[in-house]
Each structure stands twice: as structure tokens, then as C-alpha cells.
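What follows is subunit A paired twice: with subunit B in the first complex and subunit C in the second.
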Partner chain A sequence: MYEDTDIQKILEKRIVKKDQGYLRMLLGLIILIALLIIFLWATFSSGTDRNKQFNFVLSSFTLIFIYAAFALSLNLEVGYVGLPNFGKIGFVAIGAYTFVILETTQGSNLFVHVFWSVIATLIFGVLMTLPSLRLKEDYFAIVTIVAGEIVRTIVQNEDKFGGTSGINYVNPIFKKYSADSLVKHIFINFTSFLFLLVIVAITVVIAIFQYRGYLKVNSSKRSMVRTLENADKVFLFFMLIGFIMNFAGIMDDGPSLGLDLMLLLTYFSIKIAKATLNMIVSDNKPTTNNVLVGISPLIIPIISIVVFFLLRFSKGDTVSIISTPKWYTAILSMSIMLIAYEVMNIMDISPLGRTLKAIRDDDTSAVSVGKGLLINRLKGFVVASFVIGFVAPFFVFFNAGVTPETYLPLLTFILYIMIIIGGTANNRGVVFGAVTIELLILTAQRLQSVNNAFIQNLSYPWGQKVDPVNWAYIITGVLLIVFLIFAPEGFFPERKYNNDRYLDDLYLADRDDDIDKSKFLSMLAKASKSSLIYGEPKEEIPSNFFSNLLDQVKNKFKGGSENE
Partner chain B sequence: MSEEDKEIQKIIDELNEEEIKEIQEVKTEKQSFVTDHPIVSLVIAILIFIPIAWVFSVFTFTNLLQQFLFSVERAALYVMVCVGLTLTTRVLKFANFAHAEFLTIGVYTGLVITSFTNASEICLGDFCLDNIFLLSIFIFIITGAFAVLGEKLIFGPLRKRNATPLSLMVASIGFGLVIRQLVSDFFGGRDQKIDLQYPPFFDKVGSNLESIPVLKIFSIWFSERVEFSIIGTTKVIAFNRNMVWKVTMMIILVVLLQLLFKKTTLGISMRATADDIDLAQISGINTQRIIDWTWFIAGGVTGVGALFFLGPQAFVPFSGFAQLLIIFAVVTLGGFDSFEGTIVSAFIISAIQTMTILINSNLDPDNPLVFWSPNKDWSLVGPFATIIVVLIFRPRGLFGLVDPKSKL
Partner chain C sequence: MSDIIFEAENIHKYFGGVKALQGATVLVEKGKLTSLIGPNGSGKSTFFNVITGFLKAEENSGKIIFKKHNIKNLPPEYIPWLGMVRTFQHTRNFPQMTVLENMLVSPKKQVGESLIWSFLAKPIWQREDAVNVKKALQILDFLEIAHVMDHLASELSGGQQKLLAIGRLLMTAPSLLLLDEPVAGVNPTLANKIFDQIINLKEKQGIDVLLIEHNMDVVMSFSDHIFVMAEGRVIAEGDPSSIQKDKKVLDAYLGESPDEA
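So, the complex of A and B:
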């Protein structure tokens, strides 16, 4: 017979694992918030020019979001496909240079040139994947890093590509408005109001139709959460269009700060609504009250939209508070990063993502069940290169052009560190890692010029001054090593789907011939569906839970054998 | 005879002659002439270089010889710097990205010893602390110690936890980052330089040798600067004591390593560990000790190489890291874990690099066939393109043997 303690051990192990995961995430968030506070303190206590300080914050976050998008793309290659691509920065260089050269020679046409940038990166990505079948891991790493370096050398040496000094490029949208009046309106006008209403309506309609579809196969709660998940993706798409239209001046005679704020507010409200729904609504039986409480965060943006619309009539307009294009790049890069994040999340749960993970874990068995090695790796690399080709033009916006020094292999190494510390094959973790590491480095940059006597006077006994940036990199390196040794899965461990569970159960069932395996499995499956074990632990687990469960299982089996 | 032995004997008896021949043939195939005799392969590599250089160059013999000497000098430096990486890769089975930082440590150790402690005053007879031979020994020990530290703190614990090669690679990136930033924080980003100091008696010996006609050629090892003129031309070949000693040190190093691998117990156990770590452990080899020694030798050799590689020119804390890719190019082309391959590919890469520079400097930029800008620095593109092409056709480099366990 199976031992009582066996099942108990397995179940206990799972709960403990889950708790540890949450603790680590909490620790990560605390570190992030602490860093953010230090960053803001360092920024606002260095120099006296407020405008400069705001500029620095905005451009810092632009850089952070762009790096997060790069890291997400690299994570697809390293975490899911399992190929160590050390030449990521070469891909970025290809995309950025294609975009800039087309923009400067053919005249500005944002959408078409982003398309060509994507195509160029895709071709490079496909070319880089082809040798992966024949090459071992470390050889592949060398080939990619060297290919990236060749790209950099070519653009550095050829005068057609700008040479050492690179190409300066400013998008006409920035040129159109003078720096003083980049944000013309704080509030929103009638067209923007209409636009917001229309996209909210479209999102709601899509959500209602999808909810009905999901309801046929899922429980009510699951359908509701899934519907909101898709609704925020739809809204994200419209949000990006809204940002671009706003700054291109299609909505109004000048960009409006209010529209951007409202779009962001609505997007994050949908996210918050999803989270609250997930928490509040109990499994399978959502009452009307629950649902209303759950989606109540959605009311906030709707009220604010109306308020921002009405305020325009009472307060007037044409107020310029932000005199910098940095606002635009920050907002754009954030929405681009969010899109990359959503794409990677879809990859995570899609059949392709699961196939890639199977190939990564054991390519021989994946091939033996009919999964093509090359074609799947190509698909993975194509998606990753697509994201890079899409983000690279925005990296150009941030740098106001291209210079070869931006595309040194060191950047790829930093991206790797972000992935490892955040958590390989976990998109949330990758974004967290990117934000934390980049914030750490940027904080150190600010600390160099902070008005603080203690930090300014730090020096070694032999007279060399202590440089905070160096120490930021040292801390990063030490963190990386510590994580690799003691917690290789990072702050946010990879989400395991049910595979392990089934393996354990099969193993238990195999050990005793008397057990009716199908019944045993269905019993354990039921137990596993219970939110007590696999959901977020909402209430405390009763002390006799395991023994009760075990008794239930035993009784079932006894009953089953008697009936037979 | 036990029963098992009897069974084995039975199987051997059952093998017919053809099968035995097949097995023997496979054995002989594996023993290729080139891989078994590194010195021979070295000579072959040099011989390959000469006709190619003839074809591509429009130079006089003197000029060609001069470039050839530069190429050999660079190759010698590459050998010194890359052999350590080959060693660690072969024994530990991962690409160590922190290897470039051993160069940094080596060269900065030299800097500390020569400049910070007034080393020229610490003398034992003719041997002062800052002469290159004593300096090399110190650098060897200190850089080796740093490498062992890395093993103890990072790679050892990771191996115990069954880390994948990828995580070992990333860990080495982190290790490299920490060392690099520490060095640049301690020493600042200033340009530094080490003048290679020779023992005083070298000058005496050199001046004595120069007066003897037959032995004059040996004076290049000892005297400051000797110029050779080729008979029949007025062109002069620039020769440098540093240059000669770089090559000499390389040859000494290669011979010493050969002796280590072939003759000593340590070297033989090192090879055994590299081939199969479990089997080595079963045979009573203390593999952890062997791995420590591997790191020590690899780090030390690289540090000494760095003294010659980076020392004479101006260097900054990032100079070592800047050489990372070319080091990897050399090692990868040679097959990543082949000692002989590294030596040969150092010469090949150096030759390609020299040729890339030569060809580009002699091209006419206005020629429509020349679609690139030949007057720029293309010296790294030649070697990099070569290794990509070679790896596509020979996935394990020129000398790498196919691993029977590998699925590829």
C-alpha cells in the first residue's frame, strides 16, 4: 500500500514552495521600491534645475522600458528556445540602422520604416538560427556574439552608415512643435473625448462577446478573468494608436497631456479590475455584489475622463508645463514594452511556447513526438526578432540617432544579468529584473553628482575616488553570482504548469497495483483544483486538512474495490 | 579466470578478422599526424601563411618579411593569452567569459609591483624585482590565485549544484564584470604603461656578442635594438628585444606545457579529468585538486601573457575585456578544447589579421569593385568572418574532436 506520509509530503511541499515564491517576490518588490526612493532622492537633490531633473527621470524610465523590451525578447530566445544568443545587440543595431537610414534617405514615414526595420531584423534572426542545429551551445554563443560585433564594425567603418560619429535623427513630430509648446493642452477636447468613449465602448463590446464564448467551456470566474485579460490587450492596441495620433496632431491642434494620462489610467484600471476580480470573486459562483466590487476600479477612469473633459470649459486651455519631447518617448516606450510583454505572455501559454519549452528541456524526446527542431526554433527566433525590430526604432528616438558605441556587446551581457536576476522564462520577472538593474545603474549615475558631502568625499587610501557607477556594476555582478548559486530561478521563478503534479501522482499510483489508477488520479485532480492547494492561499489551512483528505482518498478506494 | 573474463574472451574469439581490422582502422583514423605533433602543425601553419601572403601582397621581400615577423609576434601573444582558456574549457566544459579579466589582473599586478613599491630598489645581485622574468613569476602566482579564488567562490559551488553550461557562462560574465569594475574603481581609467625591464647583464652580453660576427644573430636576445639589413637592399628590418622575447616566452611556455601534459602525473591526471571526470575520480584522482591546479595554471599563464600583450602599450582597465572576442575567436577556431588547435589557430588568425590590414591598406578607395572603405580599421572582421565560415562547415572548429555523447 502507499504510505500516508507520501501524499502528505508531496502536498506539503507544494504549499511550502508556493509560499517561498511569494516571499521572494515580496522581497524583490521591497528592493525595487527602496531603489526607486533612492533614485528619486538622488535625482532631485542634484542640481537645482527642476526641468532638468524631470527630464532625467523621464529619460531614465524611457531607457528602462526599452531595455525591458529587449530583455523580454532575449528571454524568449534564452528561456524558452534555449539558445544562448550573445549577439542580441547586433539585432538591435540592424533594426535601428535600417530605420534611421530609411528615414534619413527616403523621408519620414514611421509605419513603413518600422515595418522594414522588422523585416531586416527577421532576416538576421533567421540567418542566425540556421547554424544552431549543428553547433553546440558555447559555439553558438560565440557565433552570435561575433556576428553582432561584425555588424558593429561594419557600421562603424562605413561612411554610408554614418561612421564613428553615427547618424543624428530627430523625428519630424518633435520638430513640428517647438520645445516650449510640446504639450499644448492639459485637458482633453471634444475629439479626444469622443475617441476615448469609442475605444472604451469597443473594448466593452469585445469583452461581452468574449465572456459569452468563454462561458461555454470555463467557469464563470475563469471566463471573466480571461475576458478582462483580452480586453486589456485590445485596449493596449488602441492606446498606442491614441498616443501616436495625439502627438501627430490628428486629434487636435497640439498634443494633449490629458489624453495620454486618461489612456494610461484606463489601461491600468482594467489591470487592477482583473486583479481584484481574481481575488474577490469566489470560485464558480460569482454573485452580483462580488462582480460589481471587482470591476469597480473601472469607474475611476470613466469619471476622470468626464471631469477632464468638463474642466476644459471652466479652466481654459493652452497650458504648457512639460517643455520636453521626453514625455513622448517615455510614454511610447512604455506602451511598446507593454505590447512586448503581452506578446510574450501569449507565447508563454500558447502551444508554440510549450513546444519550445519541451525542446529546451529535452530535444530528443520532443523530436520523437514529432516536433520539428529547426522550424520551432525558427518560430521562436522570428517572434523575438520581430519584437526587437519593433522596439529598435524607439531606441533610436531615445538616443536621437545612432552611434556605434551604443551597440557594444557589454549591453547584451547586462541584458543577461537582468534575465537571470528577474527569473528566466518568466516575463514578469524579466521586466522586474530589467527595471531593477537599470534603475540601480541610473541611480549610481545620479549619485555621482548628488549634493551630499559624504558621497562626494568618499575615496580610497591611495587617493582614488570611489565611483558609484563602478560599485553599481559590482553589486550587479555579485547579485548575479549569488542568484546563480543559491536561487538559479531568480526573483520570479518560472511558472510550472501541471506536468510535475501528474508525474508525482503517476509515480504514487504506480507503486500499488491495488489502487484503481483512474480513480486515484481523478481524486487527486479534484484535490488539486481546490483553491486551498493551488490557488492563492486565502484562508489558513486547517491543521487536520491533510489527514481528512487522505481519509477521503482511502475511503474512495475502499468503496471502489468493494463495488467491483 | 573469472566467469566475466571468460565471456569477454569468448566475444573476442568470435570476432572475425575483418571486424578486428575495422576496429584497428578506426583507431588509426583518430590518430592524425597533425594533431599528434603540435610543433609540426605549427610549422605547417607558418608555411601556409607564406604563399598566401605572397599572392596577396605587392611588397618587396623585406616588407613581407617584416609583416611576417609582426604576424608571428602577434601570434605568439595570442598563444600565451589563449592557452589558458583552452585549458579551462577542456577540463571544465564551459566558455569562461571572465578569462579576459585574467589579462587585466595580470597586467595591473605588474603595474603594482613595478611602480607602487619602488621595486627597482629591491634587488638580489643583478636580479631586480621588476625585471620581466621575476615579474612574470609574481604575476603568474597572483593571477593564478585569483583564478583559483573564482573557482572556490563561484564555479565550484555552481558545479556542485549541477549548473548548466549556460549558467556557468553567465556566472563567468558576472565574475568578469566584478573584477573589471573593481580594477577600474581602484586604479581609475588613466592610461598606464609597463616598460619591460631586462636584467643589467643582458646589455653586457649583448654588446659582447655584437662584436663577434657569427654570433651577432644571438645578440637580438640581449641588446636593446639590433637592425638587420637584407643583403643587396638598403631596407632595414626593425627588430626589437621585446619582440624576440615575446616569441621566446611563447616557445618556453608551449614546451613547458607539453612537458607538463606528457610527462608529469599532474598533467596526465589533468587530461584524464578532461576526458571523463567520473572515470578519473574512480581511478583515484583527486579531481577537485586537479581542477584547482587547472585554474591556477590557466590564470597564471594568461597573466604572464598579458604582461607582454598589454604591458608595453598603454592600457586601461577595459583593455583586457576589449581582447575577449579575439581570444574567443582563436580558441573557437582551434576547436575550443584542443591545445594544438589553439596554437595553430593563433597563427592562422594572426596571419589573417595581418593580411586584412595589408590588403586594405593597399587598395584603391576609388576602385568601383572596392565597395567598402578600405582606409578604416577592418582588422577584426577578417578573423571573425573566418570563424563563422569555419564553424558552419566544421561545427567543432578545426581541431575539435566530435564528442561521442553529443547529440549533434
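So, the complex of A and C:
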């Protein structure tokens, strides 16, 4: 009987394999930092208007984050589900047009209309993919590219949707507050400071409770890492509430840029703390040390609080530079990207993502262990469409409206380049790819008008001037070819040896009483009909939603005819 | 007579003009290792494909009964739910996933596979995963491939891949294993080892096995009951000793003997 064997003995036999390729990631990061420096230099040395320069940087990053969110969603379809969607831009168009049309006809109601944008994209996604999911990759690609083009052609030729000129739309925060009133509130004010304190306190309390729980079964390092992993998600949730409160103007003394920035800083310091812990601390250090290392990056927000309070009392140039309302859109789009990233992260580690990967690897084999192709692929596409529907309205904010030219298929292909160069089926890689490629193109745009004699006079031997934008596209194309031939897995290859995560959680298998003790857990387990409570699933034919529906319809018609 | 767990009666399957199956009838009794042999092109793999739903049976076929369910023309992903799982002639694992992950794909009705609960019930599916990991490790140890659990499935040797394929099936808690050439292309020592494993499964876990095999040595020494197929029909059945003496079987393999014609 294999049930009796001792797990510990099995684990001792293990030959551990680790992911390679850190060097490539490091190279990628160095390239990114170099690009960032060139970008900032090019921006701040072209023209003289500081405000314009700042605005350009901020709107560039808004666009970058939105593209990163799109790329994350596309990555789910290409990298995990394994079906190439070449009509991604059609999905974006559906979400964006739904949002704008509702906003302009029904009056501004941000939250409700974002919700409808999500629903519209979902319906479009399901309707388009349901008949085509059974197709092979290449035929699926043809169907999607056609669907995307149909959407664009319809909105271009229908006057209801604005025709070729599209529909204009102004960001509500720009409408609501004039630039002057924003200047008043840029620094952290009393309400927002209180809010910040409260949510940090809540996060810390939750973290302490979790840390104690983890410490019972784990080493101090592992429990700290686990605690921080959960803490950043808790904080992300509260952070979003903060952003929305700011954006919707719920706080009585107006939106506070300081609050937004502080929230972001705290969020990233939690992330940095986790990374530092993983890298520096060894497993057998005493507990207090780990806690200290864990919370040390919190110094960053504390220092910034002090700086912000000092800035509050300084008047003059600084105020006008950071007074631009574009800060709000940039930060909001960043948080949107973070949400998309967390959603995709769950897809990466959950059993659903695992099943999707299995179907991608070998669909016949997946079917032979009872994983339906259609239903699982549909789940992947539903999540991807959901994210697109959620992000599309923010793309509208950026474009200040919708025009059919924004939704050309070219954007889909740029998203593909981002995924391939960043790393298919690796969410970090996709974000990296999106930032790098978009930064490359934006840098080239800035280099066209930079106040630098060398770059302005740069010309080919035959006398023609060098155009940096052309070169950006040439470099992107060459990069794409080079990567496809020599490194198809990209700068950040897919994580392949992730058994540690499963073995870390192994202790949970022996803690059956957890579910009985905790009300929350037992409620969840009951609601999700987990086999932990109900035992091994029965040997029965699972009910199929679609065939059940068909049967019901059939029965209804049958019953009707019998009654007559 | 012991219980009949699986019954396929008068199965027909045509590919255009080619009649791959012409009324094949196979029974599997509980507690017996049943083998399906026959020359190349006799329709054994087609038979497996039809009974597991990968191919649709023709209209004039009889019924396919597994555990009192009629599974004829049921979608292939539903059949593992009843406890009948199969391997493929060419080993098919998930090459880009680790051995352990390969095993974790199999369990049915995981909470984390549902669209909503994968986001909302993380503590629950983490616990389920932990239980599954424990079971997977024990099965890997049983099949003696636990030491390579961190390798990608594509990095394993041929024999280990075949064992992994069986391991993935065991994770579904099956009651009938359909093995399509489990020791093809495997050296005799490992072949015997794999068969020892299969016998162990049958005796200790109570899992029934129906297998297709060309390696006559192992088939004759391990099987309890043998069906011989030729040209889409079952031409002979019985225990190994009677099959060895059967003249029809020899004819099917070697061609008809001249003195009979």
C-alpha cells in the first residue's frame, strides 16, 4: 500500500533542480535602467517648459502601465491557454466604446460604467471564443484577427459610435477640479494622513496574527516571507480604496497626491522587504533579526512622510511642478496594472493555471485525465476578457476619448513583441517587456526633439538625417527576430521548477483540524464543496451546463406539446 | 463467476472504407489482469480510442457498459470521472511541467480549478493541494521515480516517462486502468519491473487492468485472461495456456498455414 510510506524519507531522495537564467534577467534589468536614464535625460533636455516635461513623463508612464496590463491579459491567452489571440485590440475597443457611450449618454458614473464595460467585454469574449475554441491555433488566430477587425470596421462606419472622428471624453478628475484647486491639496492632509495610519495599522495587525500562525509550523524566515506575501495583497486592497476615495473626491479636503504616493511607497517597501528577506537572510537566523530585516524597508515611507511634511512648508517652484493632475492618472493606471498583475499571479499559482498549462502542453493527455478542453479554455478567456474590460476605460482616460484609429491591429502586434521579449508565461517578464518596448519607442520620440547638438546633427554618410523613431522600430524588429531564434523564452523565462512552493505547503496536509476549528475556513470549504469536507468525489458523470440547458429546453417543448 | 466491471459488446468503427472494428466484444472481470493482443493493424488501439470516447462508435455498435453506466459516445473527459483512465501508445505527459506538477493535474474536482473559487478560496485549495502533493509523493515513491520529482517530464528517460504516465492515472483514484503498450521500447529488466508494479497495483490497490501489449513473454507470464484480435474482431479468448495452443491465433500472427487451405 502506498499510503503508509513516510513522506520525510521520500523527500530525502530528492534531487533538487533550480531555475537558471538569472544572468539574463540581470542583463534585462540593466538594459531597462539604461533606457530609463536615456528617456529621462532626453525628456528633460528637450524644450524648456518644466511642466510640459513632467506631463510627458507622467503620461508616458500612464501609457506604459496600461499597455503592461493589456500584455498581462494577452499573456494569459498566449502563454497559459496556448491559443494566440490576434484580435486583442477588438476586446479593448468593445470595452472602451461601451464605457464612453454610456458615460456620454447616461451621465458620468464611473464605477457603474466600468462594470458595464467589463460585462460587455466578457460577453464579446465568450461569444467570439465559444465557437472557435475547438479550432487549432492557426485557425483560431485567423478567427480572432477577423473579429478584431470587424469591431473596428463597425465603429468606424456607424455614426452612432462616432464614426471616423470618434467620441471625445474628458477625464472626470480634470473636469471636477481645476489645476489651482489641485495645487492646494497635493500634500498629504490630515484626513488622508489618518487614513494612511489606519490602513497601515490594520495591515500590521493582520500580519502579526498571520506571522504567529505561520511560526507554529515554519522557520522564522519562511513565516516572515509568507506573512509579507499576504500583507502586500491586503495592503493592495486598502490602497485601491484609497485611490478610489481620492479619485472620486470622497475625502472632504480634496484629493491628496501625497496619500497616493505614500500608499505606493508603502506597497513597494513591503515587496522590497520580501525580496530582501529571500535573498539575504538564511533560514536559521534568530527570529528578531528576520523581523527587523522584514520591516526595515518601511523606513522608506517614514522618511518620505518627513520629506512631505517639510515640503508642505516650502512654497514656490516645487509646487507647480508636482501640481499636474496627470499624477492621478499615472498612479491610478499603475494600481490598475498591479491588480491585473495580482489576478494573473493567482492564475499562475492556482490549480486552474496548472490545468491550463497542462492543456497547453498536451491537450489529449489532459482530456484523458478528465480535464475538458472547452470549459477550461473558456475560463482562461473569461479572466483575460475581464481584465481587458476593466483596463479599457483607463485607456480611454489616457486617449481623452475613442477614435477607430487607436484600435488598429498594430497595437496587438506590439503587445505580442512585449510578451515574446519579456517572457511568455511569466508575469514579471511580461511587465518588463511592456515597459522596455514602450520606453524604447517613447525615448526615440523624445530624441527627435532633444536639445543636443550631437544627436541633432547625427546623419548617415549619404547626408540624410538619422530619425530615432525609425531606429526604435528597427531595433524592436531585430530584437524580435533575435529572440525568436536564439531565446524564444524571452528575458524572463517561464518558471519551471516551482516544486518548492508545493513542498512548503506540505505541512497543511497533516492539519485536518484546522478546518473544524476555524469558522471562516469551514464556511469557505462548504461553499466551495471541497473534497476536504465531502471526501473523495463520487464516481459519476459530471453535469454539463450546456447539455443540461439543452435538455431543459427540450423538456419544456415536449411538455408544451403534451399539454396541448 | 466474478463480477464483470467492463463490457464492450459488438463495437464497430469504420474509417471511410477501412473497417477497423467489426463487432469486437471484450469483457473485463474484476480481479483479473486482462490483455488484448493481436497483430499490427488488428484494431486494438482503435478499440481503446472508441471505448474511452476519443472516437465515436458507429451507429450499429452494441453497448459499452462500465460500472452499470452506458458510456457509449460519452465525451472523453467524462470517462475518467467514472474511474476508467487510459494511457497512450506514445507516452504523453505534460513536457514543460515538473514530474510533481504532472501528478497534481490529475485529481478530479479540485476547488482551485473553479473560476470563482481559485480567486476566493485560496486557503482551501492550498490545503487540497497539500493533500494531493502528499498522495503524489507516495505514488511516485511506489513507482520508484520519487527522486526525479523536480525534473521536467521531458527530461525523464523513456521508462520513467511510462511510469509517470501510470502515476498520473493513479492520482485520479481509478478502478480500471487501460494501458496501451506499457512496456513498448523498454528493456526487458525494466519491462519486468513495470509489470511487477502493475501486478502490485492490481493486488494491493484493487485496481483492474486491461492492457495492450506486443511483448509476448510478459503477456503470457502475467495475464489472467487474454483476448486476441485480428481484423477488427476478437478471434479467440481464454487463459494464456489455451491461447498459446489456439490454431487461429497462430494463423493470425503468421498467416494461414498452407496445408489447411
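The rule we apply is simple: the second predicted complex is superposed on the first by the 412 of 564 C-alpha atoms of A that agree within 3 Å, B and C clash if a C-alpha of one lies under 4 Å from a C-alpha of the other, contacts with A are read in each partner's own complex, and residues count from 1 in each chain.
The criterion applied here is as follows: contacts are C-beta pairs under 8 Å (C-beta built on N, C-alpha and C of every residue); 3 or more make two chains touch, one makes a residue touch a chain.
Quick caveat: nothing in here was measured; it's all calculated off a predicted structure.
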Touched partner set for A:E149, first subunit B, second subunit C, both or neither: first
Which superposed partner A:I33 touches (first subunit B, second subunit C, both, neither): neither
Touched partner set for A:L194, first subunit B, second subunit C, both or neither: neither
Touching partner for A:L135 - first (subunit B), second (subunit C), both, neither: first
Contacts of A:T364 with subunit B and subunit C, given as first, second, both or neither: both
Which of subunit B and subunit C A:P351 touches, first, second, both or neither: second
Partner chain(s) touched by A:G372 [first = subunit B, second = subunit C, both, neither]: second
More subunit A residues in contact [subunit B versus subunit C]: C
Touched partner set for A:L127, first subunit B, second subunit C, both or neither: neither
Residues of subunit A that lie at the interface with subunit B and also at the interface with subunit C: 364
Complex contacts: residues of subunit A adjacent to subunit C: 1-3, 5, 7, 9-11, 13-17, 343, 346-347, 350-355, 357-358, 360-362, 364-373, 376, 379, 382-383, 494, 496-499, 502-503, 505-509, 511, 514-515, 521, 524-525, 527-532, 536-537, 539-542, 544
Sites on subunit B touched by subunit A in the complex: 89, 94-95, 97, 153-154, 157-158, 161, 163, 165-167, 169-171, 173-178, 180-182, 184-188, 321, 325, 328-329, 332, 336, 372-373, 376-378, 380-381, 384-385, 387-388, 391-392, 395-397, 406-408
Touching residues (chain side subunit A, partner subunit B) in the complex: 78, 84, 131, 133-139, 141-143, 145-147, 149-150, 153-154, 156-159, 363-364, 409-410, 413, 416-417, 420, 460, 464-467, 470-471, 473-474, 476-478, 480-481, 484-485, 488
Touching residues (chain side subunit C, partner subunit A) in the complex: 52, 54, 67, 69, 74-83, 85-88, 92-98, 100-102, 104-106, 108-115, 117-131, 133-134, 137-142, 146-152, 168-169, 171-173, 175, 204-205
